[in-house]
Structures are given as structure tokens and as C-alpha cells.
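Chain IDs A, B and C follow the sequence of writing; residue 1 opens each chain.
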């Protein structure tokens, strides 16, 4: 019993690393993580990034997460959440900042982005519009149904993730997905810089011969932050939030999900397929920008 | 009179044994060139696969969207071919079509070869073959791929049993008669003839289990190709969204199976010089069978395309237009005309059921069957619900790379190599059944 | 335990110190914005730095900003923060500083950027006045009401109501707080404002909500917040669908019918196979 407890503590110490900055040595640089914690003025010795040893108050330090959720932990969702995205088609002008932010965060090459912006036109009489397309994180997910090894799975917080350490590369999920949301590592992925081990919550590092897709950035969600694409959008076209709490935000404004969906007559793509997507679209009416064709050179 | 008959029977039986065992003795040098060519194909395939393991599936022409290619269509083709074993050992046997008896062994050998190569090709298609073990550790019973793994294993086992059970008396004959065979062959015949002496008791058990197996193989064979069709119909793809897909696949498989038997018959009877046993009459029977199976397949073909073509619903309609008039139109119509309509037209005439025309028609049927599976797999993937945009131009087309062709040809070569090996090891015409059936009425043989 | 893991901003920035500014040549002019945020538990100063690149001012990352209180002297140094990729940096007062800061009626803060090889120097200051934000939560005739009074305490200890102070009502939600009620609410001459709290907001499993009342970016007070957890929401019952049996569930949660069907088929077929193999052994035994 005793040994077990000690082992547990060691593990804890190992997984949370204290980090200090050189600034601490020169100035009373103080940063508190939570006012709720009792303030123990305990001194801690630290090696700064420039190699000098300094002594600082423990309260000036914060725990920095060293590892994102392990593949096992990443199978459980964030409790009590049901994440949804709302895309306001009337605000998208194909600025492609979401793609860039996503590529940067997930360390993707531009030829295989997780997000695509499609030029859609419902019929000849109506004007074309731009449709940012991510993974729809369906509640009745075709990809999860067909996966032979449970490498792709549905979590309680509605996310559909992929464990690329389990994926056997059969690509059945790619055939099953009616929204073509998935991409495959046909060749060796480009070298990716990461200081942590693999987690399905970050999708980094990629592995050859496995499937990947938009993951709604669960590493950000764990920190109560929105996915990178949301904040990257210059026009606030992308909303993200929690269906249970009935609120979504586009980074600058936060609105009630139910009101937004009801008032703007939101729809989901291919409702008839029964996939029950968690990405809603607001119709491209009363647009912020007139439709402009994509510039030359942009893949289309 | 009775004595004469016995004498005649004995004489006939001795001749049968002599003829049908001849190819098992090491006196055929011609075959070695053939084996050498097959091995060369396999080596090129192995090199291509080595490249694929090293660089990843990037060496193929598959990309996102066209995420399945010739590997999968070839897999479906090989599974289709493997259904032939059940057709002859079970359907024709149970329906008392005794003319088909000489073909049972060949069909069972082809079935085993095809199913082995199909299993290999599905592993070749995997992005991470090193993780195959995950299928056993983390297998999800909800996934049609797991159903396919189960059914392929089961069908392979049953096919081996089916071949083996009808082989036991023949292995005993080999054990008793082939005293000149090389040592390892003699050892093989001795061990696998499991002390068969044809005692009434042994005969009794053999008949019982062989009947059980013939009955059981039918649902399993139907299941293997139906489950393969479900790999497609359980996905959210316009071209595959069909309840007709199961019977469509099964009927196509039986037709391709009959064609492959005709091709095999033609070459085996020439190579082994056993025209007396694989007669022109047999070709005639096979021709009629192929017409019947082609008509069934034609029926399901019409069913498969008429509904969607009549309605022209969204992307499903675009897919149909692509097949009928678009970039796949020439392949589509060649396959439908030369692989389906022409065989029916030619084979209804008696002249069409002579060995050579039959061979040509059967090769056309097989080519048609292979490309038909290509047409089932690839164009559907290229017509997803949401448009293909924002990707490199190469993602919109699919022309298999040399590695894919090399591996595909290697799979055929592997199939033929297994067949050749088994033909050199086992009596290709069931001796004991020929003896028993024809020995009683030797006159029939002269027809 | 709610594991909030916060990273030390300066640390992250090591990786981001990309050059947004012209290299060599002219030093870029910078803009600094300093804001104060207080609630019952803490006090934060947030800094936003923009630097002129080519023609536009863009968020500047990795800029060191030195913060002082009262006046720019070494004894009044609060600390140094380094801006993140969005040009933002936050400084949180320690509890000791927080306590002492509350005692002063008007506090002054300075943000200083020292000139370096890329940037021109810049200095900015804000003054933050103490304010009384009085919030009461009531239910009258089953209507949920929030009464707010804003006042200042003058030197004699009297409450002076403050008119025209903008108040925001928010509810804490995951990711970001949700505004409720009207968009603009300002206090009357008595310093009062009230709002009717909506009835249909989902709370936690017990219906609890954290309600935030804020003075936002006020010229005199900066941002001030009072919060309270109230049982004013609709209790939410979260059912975890992933533990139910379904075709998309894990292998452990496969539908019973499917399990029975497949296992029955496997048992039947493989039973016959094993029986046949057993019979073959029987044949072998007979032959000896």
C-alpha cells in the first residue's frame, strides 16, 4: 500500500514539470495561476533557460502540462460537454486563415489540409458561396461504425478522434465518410517538431500509413480554449461551443446556440444520410461580402 | 457376360489410373519454364511491395478520395473466383449433375489458390500491415471488415477440407501406385491418405462428411461474397448504396467462376494430355452453364443500373453519367458488351460451345469480370457527396502505378503457381469417382 | 479536481519570437494598451502590444513590457511580462499586492517598453479608481432579478451613486462567458440597474450557474466583476451515449443481437468443421 502511494507520487512529480524563466532572476516577476491555492512562500531551485540556477517562490511558478492526454485517457471525453461548431456561411469570403492556423497547429503540409473551403452552388439561379468544411464529428458516425479495430472512436463530448497508433490503414473509414473529411498519410509525413509523446488529442506526430482528420483541437478544449481555426477567422464566421451549456463563441462574441440556430434557420449537410453531424451551417444569405472567385493558383 | 464386364472394368480402371496419375511423375520438363515465368512475375511483385513498404502507399496512385484502387478491385475479383469451388463441389454435385464430376478437383484447387491470393492482396492494401495483429487484439464485431476476416478464414478452411476429403481415396491410390515418385511425394501421399483402404466403414464416414460439407459450403460461399459486397454497401457512397449488391456480386462471381474453369480445362487437358477425360462434351455442358449464369448476372446488372439511371438522383446520377457517357464509358461498354452480352450470344449456338471459341469467350468474360470490379470500386469513390476541390489535380484521377500493376500481376502469378503446384502434386481428375462411375458403364466413355 | 493547467507565458514565447518588425533599418513604432481587471478574488493587468509593420499595426509577439505601480521607479516595479503571439500579456497581482492595492482609492499603473534594436520605446499609463459594485440576486413573483448598484465612497465615507456606468450581465460557460439580457445597460442617477434573468438557461446537473456582473472597460474603474453561483439554471442531465450498445460503440458495447447472431453462426459452422476433422481422425484410426 505504502509503496503504491509513493509510486503514485513519483509519477505525479514526473508528469508535472515546473518551469521558470530567466526573467525571474532579474526582476520580481510574479505570476499566479490560481488565487484559490494557499500561498506557501516555499523556495524552489530552478535552472533557467540560460543555464543559471535561481531560487524563486513556489507561488511564482505554474505547473506546465508536460504531456497531453495519453491514448487511453483521450478515449474519454471531457465530462459534461457536447461540442458543436456553427459556420456562418454569410461571413466566409475564402480568406483561408482557418486552414493556415490549422495547418500550423497540426503541422500539416498545405497539400493535405484538415480543413477545406469548398466553392458551393446549390443551383444555377443562386449565387455560389464558400463553405468551410471540417470533420462533422457526427453523432451517428459512419467512420466509427466501420473501423475494424476501434482506432477511430466517438467520445462522450461528441468528438470523433483517431488513435494513429492503432490504425491499420485499411481506409474503410475514408470510404464510409460521406463528407470526405479524412486524409491519409500516403507517404512519410513531414518531420514534425514536438516535445511531447503522441496523443490522439493533438494528432501530432503523424504516422505513415494511417488516417487523420480535423480533431476540434481537444488539447485546446482541455484548457478551456477554442480550436485554432475559430480564433483565426478574420470575419467571425466560425462559432464553437457546448450544446449542453447552450453557448457558442466565435472568439469575439458569445451567443446562445439554440437562439442562433433557430433565428438563422441553421442546417446541416446531408441530413438525409442520418449521420447527425455536430457542425451546423447558417445559410449564405445577407452576406457580409459579395462572392468573389478564388484567385489563380489556389487549388480548386 | 458378367465376368467380361468385370474384366472390362478392370482394364478400364487400370487405364484410368495410368492416365490420371501420369502427370504426378517427374517427367514433364515443359512446366518448368511456365513456373519460372510465374516466379519472375512474383519477384517483380515482391520488389514493388518492398518499395511500398519502404515509401508507403504513396507509390500507388491512390490518394484521398480515390482511397481504394486496384488492390481492392482485384481482391473482389479473386474472392469472386474462389466461389467456383462451391459451384462444382456443392451446387452441381447436390443437383446430381454427374457430368461435372471431372471438374470438381480443378475447381477446388482454383478456389483455394484464389482465396489465398485474395487474403494476401488485402494485406498488401493495408497502410500498416505490421499492425495486422490489432485486428485480433482490438477487433470490433460491428465492422464489416471483421466479418470479412471471419468469413475468409472460414471459407479457406472449408475449401481446404472440401478438396482434401474428396482427395483421400485418390491419395491412397497414389500411395499404392506411385512407387516411382520422389521420396517427399511418397511421404506426403502416405501421411495424408490417413490409412485409407476403402473399407465400407471408411466409405460410410467419408460419404457422410462429404455430404455435410457440400451442404455447408453453399451458405458460407454465398456469405463470403455477400460480405465482400457489404464492404461497399455499408458505406455512405452513392454508387454503392444498393440493396442489390449482394446477389449482384454472387451472380457475377459464379459466372466468372465458370469462365475460369473453362480456361483451366482447356490448358490442363492440353498440358496433361487428358482429352479423353476432359471431353468436348464437357465443354458443351460448361458452355450451357455459362450462358445460364451470364443471364442471371445480366438480370442483376440491369437491376443495378436501371433504377439510378431512371431517377438520376444528384451525385448518383453524375456517377451513372460518368459510367455511361463519361471518362469510364469506353471501359464500361466494352465490359458490358464483350464480357456479358457477347458470351450469351455466342454460347447459345452449338459451334460456340467448342473448346477454342469457349476459351476465347471465357477469357473475355474474365477480363470483363476484372474490369467490372474496377468500375464498381473506383468511379464511386470519385463521386462523393461534397465536391472534390482544394486538392492537387492528381487526386481527381486514378491510373494505377507500375507498383500496383506489378503486385496485381504477381497475385495472378501466385494464384497460377499454387494451382500448378497442386496439379503436380494431386490427381487433377478424381480417379476413384471416374473409376466408380464410368467403370460401371465403360461404353459411355466412347461417346 | 478540476485540473486547470496554465503555462507560464514567457516560456511559450521562446518559440514565437519571430521578427514581425523590419530588420535592420528603421525601428518600428509601437502601441501599448494597458487594462485592469478586478474581481473579488484577483486583480490582473493585461497588456496589448501592436507594432507597425510595413503599413499596418499588427500584434507584436515576444515584446518585453515592464510594469510599475504609482510611478516609474525601481521600488515600484511590478514585473516584466512578454507578449504572446496575439500581442497579449497578462500580469496577475500576488495576494499580498492584491490586498494592498485595494486600500488605495486611485491606483496608477505604467507599462514601459524599452527601446531595442527593433522597436521604438513606448510608455503608457492608466489610473484605476476604487468602486463599489453592489449586486443582489432576488426572486420576486417567481421572476429572477438581479439588482445592481454602483457607487463611490468619498473621503468622508459616504456612498456617492454613480450614473451612466455600463454594466454587463454574463453567465459563465465553457470556453467563454455568455452575455444575458440587453446588450447595453447603464445605471440611473441613483446608481441602480436591474435585469430580469432568463428562465431557460441550462445549468449544471443541479441547476447551478455562475452569474457574472461586470463593469467593462470603464474609463475610471477599468473592468470590475462580481460573481455568484445561483441555482437559477435548468438542471442538465448528460447521458453518455458512448456507453450504450451501438454499431459505433467500442467492441465491448456491440449490440447484443449482432453478438448473438455472429457467434451463433461461427459456432455452428466451426462446430461442423471440427466434427468433420474429428471424423477424419476416425477414418485414420479404422485403417490401422
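The rule is short, and it goes like this: a residue touches a chain if its C-beta (ideal position, glycine included) is under 8 Å from a C-beta of that chain, and two chains touch if they have at least 3 such contacts.
Keep in mind that this is a model prediction, so the values were computed, not measured.
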Chain pair with the higher count of C-beta pairs in contact (B-C, A-C): A-C
Chain occupying the middle, per Cα centroid: A
Between chain A and chain B, centroid-to-centroid distance (C-alpha), Å: 48
CA centroid of chain A to CA centroid of chain C, Å: 17
Rounded Å distance, chain B centre to chain C centre (Cα mean): 64
Interface hub residues of chain C, defined as touching at least two other chains: 247-251
Multi-chain contact sites of chain B, meaning residues that touch two or more partners: 138-140, 142
Residues of chain A whose C-beta touches two or more other chains: 145, 150
Footprint of chain B on chain C - complex, ascending: 247-251, 254-255, 258-259, 262, 266, 269-270, 272-273, 275-277, 279-288
Complex contact set, residues of chain B against chain A: 55-58, 60, 62-65, 67-68, 125-129, 131-132, 134-135, 137-140, 142-146, 149, 231-232, 234-237, 381, 384-392
Residues of chain C defined as touching chain A within the complex: 4-11, 14, 41-42, 64, 66, 77-82, 86, 91-95, 97-98, 171, 173-179, 201-202, 204-205, 236, 238, 240-243, 247-251
Touching residues on chain B, where the partner in the complex is chain C: 138-142, 147, 150, 154, 157-158, 161, 165, 168, 194-197, 199, 201-202, 205-206, 208-209, 212-213, 216, 220
Contact footprint of chain B on chain A as seen in their complex: 111-113, 116-120, 133, 142, 145-151, 166-172, 174-180, 182-188, 207-211, 269-270, 273, 275, 299-300
